[in-house]
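Each chain carries a letter (A, B, C and D) given by its place in the written order, and its residues are counted from 1.
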Amino acid sequence: MLTVLVLLVGALAALGGAAMPLARSAAGARLVHAGCVAAGVVLAAGGLAGLLGGPAALELPFGPPWGPARLALDALSSWFLLPLGIAVACASLFALGGVHGAVPARELVPWPLFVAGMALTLLAADGFTLLLGFEAMSLASWVLVAHDHAQAENRRAARIYLVFAGFGGLALILACGLMAGGAGDVAFAAFRDAPPEGWRAAAVLALVLAGAGSKAGLAPLHVWLPLAHPAAPSHVSAVMSGAMTKVALYVLARFVFDLMGPAQPFWLGAPLIALGAASAVIGALRANLEEDTKTLLACSTIENVGLIAIGLGLALAFRGADLPALAALAAGAALLHVLNHAVFKTLLFLAAGEVLHGALSRRIDRLGGLIHRMPWTAWAALAGVAAAAALPPLSGFASEWLLLQALLSAWRVGDLAFQMGAAAATALAALATALAAAAMVRFWGLVFLGRPRTPRAAGAEESGGAVRIALVVPAVLTVLLGLVPGLMLDLAEPALRLMAGAAAPRADLLAVGAAEGGARYWPILVAALVAAAIGLVVWLVRRRAPAGVARGPAWDCGFMAPPHHLPFGDPATQPSAAGFGQPLRRMLGESLLAAREGVAMPPPGDTRPAVLESGFHDPALAALEGPLPRWREALATQAEKLRDLSIRQCLGLTFGAVVLMLALLAWLEGR
Amino acid sequence: MAAIWSVLAQLLHIALILAAAPLLTGVVRWLKARMMGRRGPHPLQPVRDLTKLLRKRPVLAENASAISRAAPYVAVGAAMAAAALVPSFARGMVFAPLADLILVAGLLAVGRVAMALAGMDVGTQFGGLGAAREMSFAAIAEPALVIAALTLAILAGTTNLDAIAGAFREGGLGLRVSLGLALVALLAVAVAENARIPVDNPATHLELTMVHEAMILEASGRHLALWDYAAMLRLTLWLALLAAVFLPFGQAPSGSAPHVWVVGLLAWVVKMGGLALALAGFESAIAKMRVFRVPEFLGAALLLGLLGAVYLFVSTGLS
Amino acid sequence: MSFGHLPYDVAHLLGGGVLLLSFVLLYQRRIGAVINAFAMQGTLLALAAAWQGYVQGAPGLYLTAVLALAAKGVLIPLALHAIVRRLDLHRTVETALGIGPSLVAGVGLVGLAILVVLPATEGARALAREDLALALSVVLLGMLMMISRRNAISQVIGLLSLENGLILAAIGVAGMPLVVELSTAALVLMVAVVAAVFAFQIRERFDTLDTHHLEEHRGERR
Amino acid sequence: MPLQWVIVFFAWGGAVVLAAIPNLRQATLANIAVSAGSFLLALMLAAQPFAEHGWTRTDALNLPFILLSAFVGLTTSVFSAATLDQEGFDHWRIRAYHAAYQVFMGAQTLALLADNLGVMWVAVEIATLATVSMVAVHRTPAAFEAAWKFFILCGVGIALAFFGTVVLYLAAQPLLNEETGLSWAALMGVAAQCDPGTLNLAFAFLLLGYGTKAGLVPLHSWLPDAHAEGPVPISAVLSGLLLNAAMLAVLRAKSIVGAHPEAIAPGPFLLALGLASVLLASVSLWRRRDARRFFGWSSIEHMGIAAFAFGLGGAAANLAGLLHLLGHSLVKSAVFFGVGRAAQAKGSQKIADIGGLVATHPALGWGLALSIAAIAGMPPFLLFASEFRLLATAAGEAPWLALALALGMVTALAALITVLQALCFGVPTPDAATAPNGWRENAAAAPLWLHLAVAMGLGLAMPGVLAAMLAEAARVIG
């Protein structure tokens, strides 16, 4: 299987090369995307095979100048291949349906390379190959983020994105170096043989958090994500949010759980939990304030990544505290959420892309009422929204139920400070979950419900064919994954053993359980129960109530009927994106995100409408664009003084160097 | 044998809850009226309202989508499912293994989201306003609930309601400060979830302050009946939940035969009546607070719950 | 070889003379005098080379001596005089570091050179060590002159005297292979520098470089 | 005559011929022919076993660089054939330019080949003389300033190197005879018995002397301006080749001193200079407005990285340093191709005047974008491999130094990306009226892409023989 996957990576790279000429014709572009669909399917199949079969390793005949490139496929990487494959397949299918002519090469060529980079990262078995895939992934996606580089904000997004990518790469390289020690052998096997201890372990964790964490969107290095993900084409945004962040989390998990060895103290998990909780809250809150659909979804990605990070941190802490069963529980929650989030976030981004294509806007305030014009998109998106809002019995609830169970058991670690921190983290995780529900209601309700806010939204067109399939498939998957979490956990068992050294607590096939004899969650039974209840209600109502409904103008508290030139009434009398976010902006935004708002109220007798002005600053971005450039500029000013020297003074530098060196020699000789 | 009893208990429980819901609401209203010195409507008034509404054909706005028609059924269904899980007079009902506190919270969230979406469907100001407020308040209420669950889970070792009730029934836990704090947190959440005073006023339609009612302004006929019934179910559910956890006495042990249930039934009726009385007294004693003071109210509840958990760690040397 | 042997004393004397002339270069205030002093230094260097050739029995060094005499003793000074006339440079040397201070600094540099060389090169022969110390001093003094004088010519002369120090070192080390070729190459470099002054019409450019009047050329406005 | 000398004199003979061709077209073609001949000779040399011939030698250390310089010489001649008409030379300058180009190539090859340190010194000097004239060729005030600065600073620099050479011989004098007196091989042989103090003195001067040519801070002042004036091909070979030769000279000196247990460890000095270069360049990059000066500063940064690697020492770090030199030559010359061509197209080399290249000149724009990304250390190019190797090793051996290095690198990376997007993305700036197009466009972009391809191939799948050679070299320089 590994060989197949390696060949696939090579084939994808070749496809990227071939895309240059193929981009000139629609058929060629379709061919490239079809190839990527197939690649996605093969990746997912490879993941399944890797989970069912045993691990495999491979040494390429070529590689960096100092040795062969090592590849391996074990349970962990196999598990992460699943979301990658699913996301890539769906996104490519979506893109395939969106091809209506020649595609700019800059949008087509990097796409297969991007996929290849992610796959290579998952398959790598030495530091160099890992970084190679990681950075190739970043570089290719950077081209895609910059595809529309005429807009200044896209250029800014691309710049920040690539700088962060380079920063993360350097941090990971340093981490590899620390792991390898003086030996300089960056093979994973060598890392496992000599796990770091004491300050080295802490430093490696910090570097990995800076490197992989920044890529995954963990606060406070998340600022690039809401900028870059929306700037890319929709199918790319879907994979960046759905799969690329997961690849980064894989790198994190690979280092922390596998390479650093099991003999690590429990507090190593604390920073992960703290950063995860912070990311979850910040992301979910921002999702409630953003007014651009894709940015909103990107922020919800930050929230979910935070939840996954909490799970990973808990697993690390439990393992350090020698509670393997609980570690498996937390790790299972994290892995399950990785898969679930990949699926429903891909779905949501694709839906946002379809809305952008159909209604020509990403701004919530220019959409509305689309459920009438784009029913397939709307209902498919509803499944994703419900999952993202953690509603039973959908996929999001299953993994977040497990995560909460793990959090509720965190006190067993025993350390008082950790217990208090964990209790706080529990509250924050619950807060983030509820905030996400609010954000999702805001997203779906404002985009698909209500009245069209612009003529273009009123005349939106939904595309069928491949695009429709690309939306329905992940929607169905979201429901299915929600119904059989137990099955998925059994599938993930080898990965859990690798991470936690134990299997997840056994529940029966259809359930997931907190612990032996602890609380359990039977999605199918719950679904059946709810369905039965609804059926009962429908039956009773049918028996008593008259059938059918009467249609009339909206009552709207008796406000006057709309004028004829506005058949649905004035769109401006609907809640706006800013207005819907107002309660949360006032409750949390003002304190956490320096949010501000003000109403421009015209004087009496003036017919201008009152306008609600609102906005916020992400403190992390402010820090990034405030002090850092200031310090850099101060240093540069000093450095420029050197540049402005005259020749005589430059010679003075040389002369000084000579004299200094001679004096040093004389001193050394003297001793 | 025990299996059959548990099935029977479950069915009885469901019937009981479904029947009790409108009655309980009526009783609370009646009690409030009495305390305010009015004669008040007959306790069965809600039942009459429901039957009347059911017979009317609903009027939908032109641009209303299928959401408006599906949401009330989903809301009632979710509320019924949740209510079916909360133990009332007996433990060990057939759904007991399912009865997970967090799942109940999830099912309540389903109902909430359905209502919010229904409120946004037509695209009126008040619907959106109510939805925004509802979801925002829930965002603060949810952590408070989970933190209370944390305390219960630590004491009982699980989040399964039936097991928690059992653990408290068996006692041995005694009265604890942290338990009291958790109770306060849960009460606050319950008040918010059921849109009672001081968070919301179920008896008013004053646009600027209403939360719950604003979302169903467009509903009429059977839809309105379903929305009201869902609200009644939620109230019953919450009172039953509080009763099961904090007043566990009198519950029939699991697997017990019907003749044991009688005690449990009586105890349950007494408990619910007492809680209704307390609720009525509380509501008639205080005034509704401004909308943007609600977060502070819930935030305080959250902090109390957190305090309870921390106190638990410190006091009982779990660390 | 050590003190009292004629070859040593003469070599030492000549080397000392070269060093002394470096001080004279530092001391002079008028360009013309500077050029003449440099000519004398070149001549002394040629003598030293010839003497080394005689002592070491290395006929190649005679060639070096002849070249040095011709170029540094005669041609380059003439050329420099010509430049001064052609580009009508200031006839006085503007110093960045005053005469007195630069002399003091020079003495310090000589001390440094001796401090470095003598303990460092215990392995080598006495003559070589002495010569090396002298040569290093001359090199350092040449650099000192380059950075302590403002106008182009005296800086070029500083570079040339620096190169004299190099040759002095090269000839001092007995049996240095390629010494003739290397010294010739170094000489070529120096001639090129002098030619460059012609070619680029370098006047007082040393201090007017970079900062202000280059901005428009550089496009590096801030 | 041994092949080593054939290569050198072939180029110099070509210079004599080229000096006689006034016609632009013929001269450029002849230049390509000569460079191609040198490239073939270099390949033949590579086919031969390592050997020493009189003053020259071929070994694992210099052979890769000889091949590299022949290759870059060839591609650069092609590039200059495509773009030279934009320089507006009269026939005298055409002669002078091509002659100087080949003289430089010959001297460069000799400097790499030289076993005798004296010969190496002479070669470096000739290369300097040849390039100075080219930097000044445009005869603008700025060109004169740059050339004069270049000349004086490097003149002093190689003077110091001369002194260092003499002292080095003095150290070995008691042990060696006249013939082998300055032979690097012989010196390596006896280095362990030499007087350590003298070795230290020699190393000090050699380091500062050749370090000036390598553009290490604080001896770097000449480099950015020299790269910004004169014809673009000269900047390409200056940055791509001359710096390597200087760094190789430093390495030879370092290996001799390092072979003596008593002598001072040369590593820390290189580390200090390298780190200073990286840090200073990484902040100075942010103030550049002129594209070619910008990349001159980036050359300083990369020379600093290489010096850091060699200062760290050990097989791994040395290998990283050698790889970095190779990769930097390939990619940086590619960058200069792109920037030079863009500057010609837009009629200005100010960053502000160049923009939106990918829209107006796709081949050139994307090539430039990729090569700048490669310079910034992005995969899959050779520089990524070398920087990975270096940082990983450094983090293992000296974490704090590695952290400082990474800090400088990330600062420089941010600056590079900012300029990348300024040059290649955004709204296109208007082309200059005189900008040529048609085949010249591609002929100018082709060498760039070729360099990128080679850099990628070496980074991902280096031929085993070359890799073995570099590993051997890394071991040699200790």
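Quick note on the criterion: a residue touches a chain if its C-beta (ideal position, glycine included) is under 8 Å from a C-beta of that chain, and two chains touch if they have at least 3 such contacts.
To keep track of the chains, here are their UniProt names: A = Hydrogenase 4 subunit B; B = Formate hydrogenlyase; C = Hydrogenase-4 component E; D = Hydrogenase 4 subunit F.
Keep in mind it's a predicted model, so treat the numbers as computed, not measured.
J.: When C-D is set beside A-B, which has more C-beta pairs in contact?
T.: By number of C-beta pairs in contact, A-B is the larger.
J.: Most remote chain relative to chain A, going by C-alpha centroids?
T.: C
J.: Which chain's mean C-alpha position is nearest the mean C-alpha position of the whole protein set?
T.: Checking distances from each chain centre to the full centroid gives A.
J.: For chain C and chain D, let me know how many angstrom lie between their CA-based centres, rounded off.
T.: Centre-to-centre distance between chain C and chain D: 30 Å.
J.: What whole-Å value do you get for the distance between chain A and chain B if each is reduced to the mean of its CA atoms?
T.: Distance between chain centres: 35 Å.
J.: If you average the CA atoms of chain A and of chain C, how many Å lie between those two points?
T.: Those two chain centres are 68 Å apart.
J.: Using CA atom averages as chain centres, what separation in Å is found between chain B and chain C?
T.: It comes to 99 Å between the two C-alpha centres.
J.: Going through chain A residue by residue, note those that touch at least 2 other chains and give them in order.
T.: Each of 640, 643, 645, 647, 651, 654, 658, 662, 665, 669 in chain A touches at least two other chains.
J.: Scan chain C for residues touching two or more other chains and write them down.
T.: 116, 119-120, 143, 146, 155, 205, 209-210, 222
J.: Which chain D residues reach two or more other chains?
T.: In chain D, residues 148-149, 152, 156, 160, 197, 200-201, 287 touch at least two other chains, as defined above.
J.: Determine which chains touch and list them pairwise.
T.: Chain-chain contacts present: A-B, A-C, A-D, C-D.
J.: Show me the residue ranges of chain B that touch chain A in the complex, using the header's touch definition.
T.: Touch list, chain B to chain A: 51, 54-67, 69, 73-74, 76-78, 80-81, 84, 95, 97-98, 100-103, 106-107, 109-110, 112-113, 116-117, 120-129, 131-133, 135-143, 145-147, 149-150, 153-154, 157-160, 163, 207, 217-218, 221-222, 225-226, 291-292, 295, 302, 305-306, 309-310, 313-314, 318-319.
J.: Which residues of chain A touch chain B once you look at their complex with the stated criterion?
T.: Touch residues, chain A against chain B: 368-369, 371-372, 386, 389-392, 397, 401, 404-405, 407-408, 411, 414-416, 419-420, 423-424, 426-431, 433-435, 437-438, 441-442, 444-446, 449-451, 514, 517-522, 525-526, 529-531, 533-534, 536-538, 541, 544-546, 548-557, 568-569, 573-575, 579-584, 586-587.
J.: Which residues of chain A touch chain D in their complex?
T.: 62-66, 106, 127-128, 131-132, 135-136, 138-139, 146, 149-150, 152, 155, 158-159, 162-163, 166-167, 169-171, 173-178, 180-184, 186, 203, 632-633, 635-636, 638-640, 642-643, 645, 647, 650-651, 653-654, 656-658, 661-662, 665, 668-669
J.: For the complex, give me every residue of chain C touching chain D.
T.: 116-117, 119-124, 128, 132, 135-136, 139, 143, 146, 155, 159, 162-163, 165-166, 169-170, 173-178, 181-182, 185-186, 188-189, 192-193, 196, 199-202, 205, 209-210, 213-214, 217-222
J.: Under the stated contact criterion, what part of chain C meets chain A in this complex?
T.: 96, 109, 112-113, 115-116, 119-120, 140, 143-144, 146-147, 150, 155, 205-211, 222
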